[in-house]
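Accompanying notes for the structure given below.
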Amino acid sequence: MNDAIRKVVMPKWGLSMATGKITEWIAAEGDDVAGGADLAEIDTDKIAGTLESADEGVLRRVVAEVGEDVPVGATIALIAPPEVPDADIEEAARLARAELDSGEVEEAAGPETGTVTVDGRTLAYATLGAGEETLVLVHGYGGDKNSWLFVQEPLAESRTVHAFDLPGHGESSKDVGDGSLDTLAGAVLGFLAEKGIERAHLAGHSLGGAVVAAAAAAEPGRVASLTLVAPAGFGTEINAGYLRGFAEATSRRELRPHLGALFADSAQVTRKLADDLMKYKRLDGVDTALRTLLGTLLDGDAPGIDAAPLLAKAGVPVTVVWGREDEVLPVSNAGALPDPGAVRVVEGAGHMVHMEKPNAVVAAFE
Amino acid sequence: MARTISYREAINEALAQEMERDGSVIVMGEDNAGGAGGSGAEDAWGGVLGVTKGLYHRFPGRVLDTPISESAFVGAAIGAATRGMRPVAELMFIDFMGVCFDQIFNQAAKFRYMFGGKAQTPVVIRTMYGAGLRAAAQHSQALYPIFTHIPGLKVAVPSSPYEAKGLLIQSIRDNDPVIFCEHKALYDATGDVPEDSYTIPFGEANVVRDGDDVTVVAIGRMVSVAEEAAKALSSSGIEVEIVDPRTTSPLDTETILESVENTGRLVVVDEASPRCNLATDISALVAREAFGSLRAPVEMVTAPHTPVPFSDALEDLYIPDAQRVANAVKSVAEWKR
Amino acid sequence: MTDTLSTSVAHELDENALLQAYRTMRTIRAFEERVHEEFATGEIPGFVHLYAGEEASATGVCAHLDERDAIASTHRGHGHCIAKGVDVKAMMAEIYGKKTGSCQGKGGSMHIADLSKGMLGANGIVGGGPPLICGTALAAKQQGTGGVGVAFFGDGASNQGTTLESLNLASVWNLPAIFVAENNGYAEATASTWSVAADNIADRAAGFGMPGVIVDGFDFFAVYEAAGEAIRRAREGGGPTLIEVKFTRYFGHFEGDQQTYRAQEVAEARENLDCLKRFRSRVTETGRLEEADLTAVDTQVSDLIDAAVDEAKAAPKPTEADLATDVYVSY
């Protein structure tokens, strides 16, 4: 194949994703596409996402049609400079189509997964990339490492990116002990120690934001920078109803109405998303973990965490990203940050900024 | 950590995790250890299909081989359940219910009501059902509707490894008698299953696939048959919503009705014989509760009203397959008054 | 079937225990005779099977039992219930179908149970109990409580597969189980001499590798002794025993049974073999109890039964609100 032809492949957004379905081609054959340009809408069964171009050139050929179930790693389009001859494109497209039709697609290398033990708890993680700098992603309340699925891959292009499951979440031990911020921050620092990481950039979403701030406050020398996405622990606004509703829901039917608070676009709340969250909530120990952590997050109906002193103590560079339409931790909370003006407010995003507007979150790291 | 394991492994793991967690859980059945009193290994078999393999040495004294006396040992499991144990008895084939049914439906099922609400009988009877292994008429039936008919029994019919583990753990923790129906052709089916223990509540259907055109309610092994049909239909522009009730008693009528209210069309796929089965039950439910939403007659895809035949040529015709499901879906999708 | 009062057994029982045994037998008798009378008035619904005449069996066996132990009974279960300590007033209310009954009126005569007393229920299915008792015995064994399970069943059930399977299983698993075959001569209207293809039900024990004992069922002390030995052995890990208790029931199979299938045996038994008469004469002749003590018990029991019937009649019936409850613990 002509080396100038770049394949656009079905991305692997999360460990469990095996196939994806293209719901819309945003770019058309013949369009000039830049790096980071939107190419297609892809439905992963969990959540719909936008595939961005990793290459620059002309979208010469669309290989996979709208509605087609495509295995992860399969070529769905070809990008090449205008000068690449049509015949070469034709040949590459034929091979790609044959591969797709055969169903024998070599799955793209997914993240490397593993576990470490910290304070007697197993912590699960997924790692992508091999860059010199290390970034650790810490999810929020009730989330897991997969919540970073749209951003971990692009961030890993130039870094080693670990996403790990906090105690009580994902595939980590479900025991959260006292559920305090210190315990959770201890898990982050313990993870760094176990992985032999001397110094890392930390990013945290929501509760994870407060957790990484606490980790940085505890051991500032280990933390190169903090990126906080809709972090908990700032300001006075918190949607206690959502948090309690999430913790207490015992069925998809009870849970689903609460999930609307997570996204600006409520269409993001699919039955599958609710099902997956219920699967998580039904693991032994999760109920106790979530209820314990609720005690950390809430003080009555008010926030139970004050993270501002932690940032002051940490004294490391901080970047903050917030969704304009956040209904869990409203963006008005950003006023409590040391430099409210520097907060990157993302239009059209709710609390799950990194799922709804992954580009904006990725950009915060540049 | 979620990993891919088989339906058989999922059931074994559920048993092991619950035995680990709760000392009152015991396992019994014909050859469940396999080798009691013999001259070879004491745990030679682990059940006729190896489902309980490995538990015997891990849980000394808690995996019991039994004589071929289904009434006695199923009854013993029930009796033990009234005295603080949580026994899991294996009735090797569901067809053998005939030699122990009294203990199940006159004893276990009735205790709570008949004794004025003062009894609880947390027993699980695991049993293998279904056609497809050329096991012929007395080892292949899909008899879960008979148990479903009996007030006091709960009936789980897991369609996948994930369902098998979660429903079995729920069955063991449940304080009522549960008939746990494992399809013999699914034991080697694989799927993602968390390593952690988890439960799936009874009476909550799983929507296996979203679709707006036709609702297909499928039970047990028929779920994967329906999925195969749905895939084929999708390419011809018919989007099927598949509802797997997971338990036939209790039955999640709400999810079924919700789906039919959206699609207006229903096909029920049930491996059981056609009279008084889940297909007729669910059809009646929808006819009564969602009549106004229906835009076509309800279709049922079931086995014929015959014993299960032996010859592969006949058995393959007997079992509902994806083609029959697809045909039924098309007929309701294209139905015109 | 000789009069087998062994002095050692009689002496094992102190005065209180003797009085308690008498009270239990008298309570059963008075309960059953009263139900017989009341049934004739048409006020008691359904099927009722009376235990009168058989009192020594339930009493002699259950005298050895405590809260570790469970029993399963038959359709003729009132005696077993009383002997295992089920509340008599609640039993009577149950028979009347009242909300205050042992089973809130949902079980009736054939299903009186009290699991808190280790009474697994009278059972409408002939042969229903023995498998369950294998289970209660297994539970006791697993839990290491030293408890036993006792299955009472009739000569009819001795021909059921469930019973024979259970005898085998109890031996195979070496369970602390006691199988008490109450042979009252008739399964419904069919004589056990015809339906049981062995001279004695107890003879079948040999086929299941356990001891089989035949006991005069009219003799409390004989039952007490045989049961005591079996229960002691079971508690010590020695496995199951089959005890055949032979006697005659005083009433028909069910209330209303004209009993044309049998001739004089009831009158003769009542006159010459009756367990209460024999118990009474024995304990008074040996000076263990005074007539006055026994008569006082008679009066107390009579008052209790009167009160039980009065309260049962006055008690409310269950209502529509009760129809659909108690099917499941959760559903």
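Chains: A, B and C, in written order; residue numbering restarts at 1 for each.
FYI, a residue touches a chain if its C-beta (ideal position, glycine included) is under 8 Å from a C-beta of that chain, and two chains touch if they have at least 3 such contacts.
These numbers were taken from a predicted model, which means no experiment stands behind them.
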{"item": "Centre-most chain, if every chain is reduced to its averaged C-alpha atoms", "value": "B"}
{"item": "Higher-contact pair (C-beta pairs counted), A-B versus B-C", "value": "B-C"}
{"item": "Distance from the mean Cα position of chain C to that of chain A, given in whole angstrom", "value": "69"}
{"item": "Cα-centroid distance, chain A relative to chain B, in whole angstrom", "value": "37"}
{"item": "Centroid distance [mean C-alpha coordinates] between chain C and chain B, Å", "value": "40"}
{"item": "Touching two or more other chains - residues of chain C", "value": "none"}
{"item": "Chain B partner contacts - residues on chain C that touch it in the complex", "value": "70, 72, 101-107, 111, 113-116, 120-121, 123-125, 128, 130-140, 142-143, 149, 161-162, 165-166, 168-169, 172-173, 325-331"}
{"item": "Complex contacts: residues of chain B adjacent to chain A", "value": "1-2, 162, 166, 192, 194-201, 204, 206-207, 210, 234, 254"}
{"item": "Chain A residues touching chain B - in the complex, by the definition given at the top", "value": "15-16, 67, 113, 115, 124, 171, 174, 250-253, 270-272, 275, 279, 282-285"}
{"item": "List of chain B residues in touch with chain C within their complex", "value": "24, 26, 61-62, 64, 66-67, 69, 71-85, 87, 99, 102-103, 106-107, 110-120, 151-152, 154, 174-176, 202-203, 250"}
